[in-house]
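There's a structure below that I have some questions on.
The chains carry the letters A, B, C, D, E, F, G, H, I, J, K and L, assigned in the order they are written, with residues numbered from 1 in each.
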Amino acid sequence: MASVARITTISSRSDVSFEDAVKQGIARASETLRGVEGAWVKDHVVNIRDGAITSWQVTLEVTFVLDDSGHPVDASAD
Amino acid sequence: MASVARITTISSRSDVSFEDAVKQGIARASETLRGVEGAWVKDHVVNIRDGAITSWQVTLEVTFVLDDSGHPVDASAD
Amino acid sequence: MASVARITTISSRSDVSFEDAVKQGIARASETLRGVEGAWVKDHVVNIRDGAITSWQVTLEVTFVLDDSGHPVDASAD
Amino acid sequence: MASVARITTISSRSDVSFEDAVKQGIARASETLRGVEGAWVKDHVVNIRDGAITSWQVTLEVTFVLDDSGHPVDASAD
Amino acid sequence: MASVARITTISSRSDVSFEDAVKQGIARASETLRGVEGAWVKDHVVNIRDGAITSWQVTLEVTFVLDDSGHPVDASAD
Amino acid sequence: MASVARITTISSRSDVSFEDAVKQGIARASETLRGVEGAWVKDHVVNIRDGAITSWQVTLEVTFVLDDSGHPVDASAD
Amino acid sequence: MASVARITTISSRSDVSFEDAVKQGIARASETLRGVEGAWVKDHVVNIRDGAITSWQVTLEVTFVLDDSGHPVDASAD
Amino acid sequence: MASVARITTISSRSDVSFEDAVKQGIARASETLRGVEGAWVKDHVVNIRDGAITSWQVTLEVTFVLDDSGHPVDASAD
Amino acid sequence: MASVARITTISSRSDVSFEDAVKQGIARASETLRGVEGAWVKDHVVNIRDGAITSWQVTLEVTFVLDDSGHPVDASAD
Amino acid sequence: MASVARITTISSRSDVSFEDAVKQGIARASETLRGVEGAWVKDHVVNIRDGAITSWQVTLEVTFVLDDSGHPVDASAD
Amino acid sequence: MASVARITTISSRSDVSFEDAVKQGIARASETLRGVEGAWVKDHVVNIRDGAITSWQVTLEVTFVLDDSGHPVDASAD
Amino acid sequence: MASVARITTISSRSDVSFEDAVKQGIARASETLRGVEGAWVKDHVVNIRDGAITSWQVTLEVTFVLDDSGHPVDASAD
């Protein structure tokens, strides 16, 4: 039996920390996608103004399995 | 005249072989997408339990052309 | 406050130049997506027949922010 | 609760096919290691003599979990 | 005078944070190895179920010096 | 109108956490440079003695815009 | 005594399988070159039409030793 | 039916632009090779003297199919 | 006789084209540095607003030789 | 007949030269391992104090074949 | 307590050997910078005329700690 | 005026040292090619038997300019 998943790339930004950015990105992806299984943190970046870090940003490669109908719940977040 | 294609990443897993995983992944992608033209096999992985290979898994970067309306047939597999 | 964007990969081809291919790719992506913010030109390729360049082709990683509803305008180009 | 695994690199060679080389490598690793979970096929190489392929060779990054005692069964294959 | 060290790869997973996963991995490696000097965090991954992060996982390349006898304390974690 | 920025690489080390190392590195860079806009965290490393993590170290690629005179404030941190 | 080899890149395509593509590529290279010793499979790609795989394609980096005269047998395949 | 192509690397330099360098390189390759199908622009470099750009240089990986006899037209450009 | 050069990274942005961005970046670097010899275009990016490209941006690794005194003319652009 | 080798990573440091570091690393690995066949020099680093090079350091990926019993001679250097 | 270092890239060329090029590069960097701690040899290149090697060239990523005042001794080599 | 060069890959092996392998490879390439300008040392490998280094091997990417007729002197080394 074969099984197929998709991998999509998102960028998520938090004003708290990298780990908060990961959590926010996963939470946002899970609102519109079923079957999110994991994510690889591809990049860590900070944005800065006047010497202060204004946001912590991560790029995530998110994997989610396609359901039986072959459709993720909401294509808009696909 | 310009022409535009999209590249999407899927992961496909077979209990037979890597080439079966490639075939299954392409078959699954072609159910919902028109204009699939090719795929690059980015990674080959095996999953193992009790010393036996339980699945052969590939990551594919699939290219498909956008049709005239600019819409793939089914956004859910997009 | 967190903010989330998506990164999608397209391939665009022009018979004029690489920069025209970039423009065409961005124009096409912007027809169906709101919030396109930027693109990284990942690869430059030329296609050739009978010693002449028939098209200039670029691969673009396009970033677009998700709107408040968390939906891009048209999932088909997602 | 934390969990720790190890990743070791082996090279395996078969005179039949790449997939046989993967199977042989996994079989050999599983003789001396408990808890082998998966392997990434990092490289595919063929060796050639007099125009004929004499062996199909793969490099594998093998992951195995450490057991409760923190010891793999046989350190020699570690 | 020459000095020789070894580099081994481990994967460590915590249900708290990436930094806890690093700490747990180093603690586990130090139980069986003398002379651990440092580690490079090669990858950051999160595992997810039902929209929640179930574990924070890092891959570490751990460097440890070989002692005078040329033996790490416990080969099993080697 | 053209605009030009510079990218410089620093390594920063904290005895608290990776994020503290990022903050310390940015703070240090901002003492001598005007116009720091962002930083990419290129590598994460831990230094270890007697089984304990003694410092958390990051390599940062810091981007800063050149001011009108084309001079960063203090070349020493350039 | 020094020994020198050359490394040349070919792309080979089969309608059967990746391994058949490797065999065909090696057979073709060996028709015109003496001393072929091995090949690294750099990339695996499939070409697709109407949802079916039309060819399995590999890129090979082929190594061959130069003979005593320093000439491969047939420069045309060089 | 198998089909085999070769990939050769050239560097081409123009005093006009990167795209002129690509055109010149392709024109030069096509003088001595039949069946040139495409090229990947691997690198873009500028050479500079006294603050002025003296040449625009590209590295190209050129693909050409081998003809029926298995010989490119002119081995010298091979 | 040894000779030493330095390599510095800049990012340059034009509202006209990538090649204009390269020219602007080189012009800017040459105002403050003597002995600029060449530059590698490491990345090509476009910035976009409301579906239109607002700037063409390149990252350049610029090489310049150190003069006899070992000092570039103006350290601020160093 | 299948054959399996292992690849282990060591770091070796000499106060003489890079090539001495390679020799020392291989000598050290060969004390405890049978069947060492080759090594790839992955990195070259120098350590410096007060403007003088204090050591020449290489990272080596060492390949050794497993003997019939499937055991390297001394697991401690494994 | 945090500590910050900088990493700068130089290219050094000798007519003797790669190791002489490394030594010359480090000597030159140490004339103007305090606190040079190490260097990674990123690339090895030879330049050739009339079949003879005219120079051995290395690219070095040099790390140096910033002193208490946060200033390297001479910004010009920075 | 455009100028075109070719880049070819060779592997050269010496029983003395890496630098001797570079010299031998360049000497061998220069026997059959005019216009060799430089080479990048892409990889350093040692071959080992019975604990002793039997050869020092380098992979070289050799650049040579094409002469006016567009023909290298001897295609066989091409």
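As a convention for this text, a contact is a pair of C-beta atoms (placed from the backbone, for glycine too) under 8 Å apart; a residue touches a chain by one contact, two chains touch by 3 or more.
Here is each chain with its UniProt name: A, B, C, D, E, F, G, H, I, J, K, L = Dodecin domain-containing protein.
Values in this document were obtained by computation on a predicted structure and should not be read as measured data.
The equivalent interface to J-K, defined as the listed pair sharing over half of its contact pairs by residue number with it, is A-E out of E-J, A-E or B-C.
Computed centre separation for the pair chain F/chain J is 34 angstrom, with centres defined by C-alpha atoms. The distance from the centre of chain F to the centre of chain K, with each centre set as the mean of the Cα atoms, comes to 20 Å. The geometric centre of chain C is 46 Å away from that of chain J, both derived from CA atoms. Centroids built from CA atoms put chain G at 26 Å from chain D.
The set of chain J residues touching two or more other chains comprises 8, 18, 75-76, 78.
Pairwise, the chains that make contact are A-B, A-C, A-E, A-F, B-C, B-D, B-G, C-H, C-I, D-E, D-G, D-J, E-F, E-J, F-I, F-K, G-H, G-L, H-I, H-L, I-K, J-K, J-L, K-L. Those residues of chain K that touch chain L in the complex are listed here as 17-18, 43-49, 51, 53, 56.
Across the interface of their complex, chain H is touched by residues 1-8, 61, 63, 66, 70-72, 75, 78 of chain L. The residues of chain I lying in touch with chain F in their complex are 8-15, 20-21, 24-25, 28-29, 31-32, 55, 59, 74-78.
Listing the residues of chain K that touch chain J in their complex gives 18-19, 22-23, 26-27, 30-31, 36-41.
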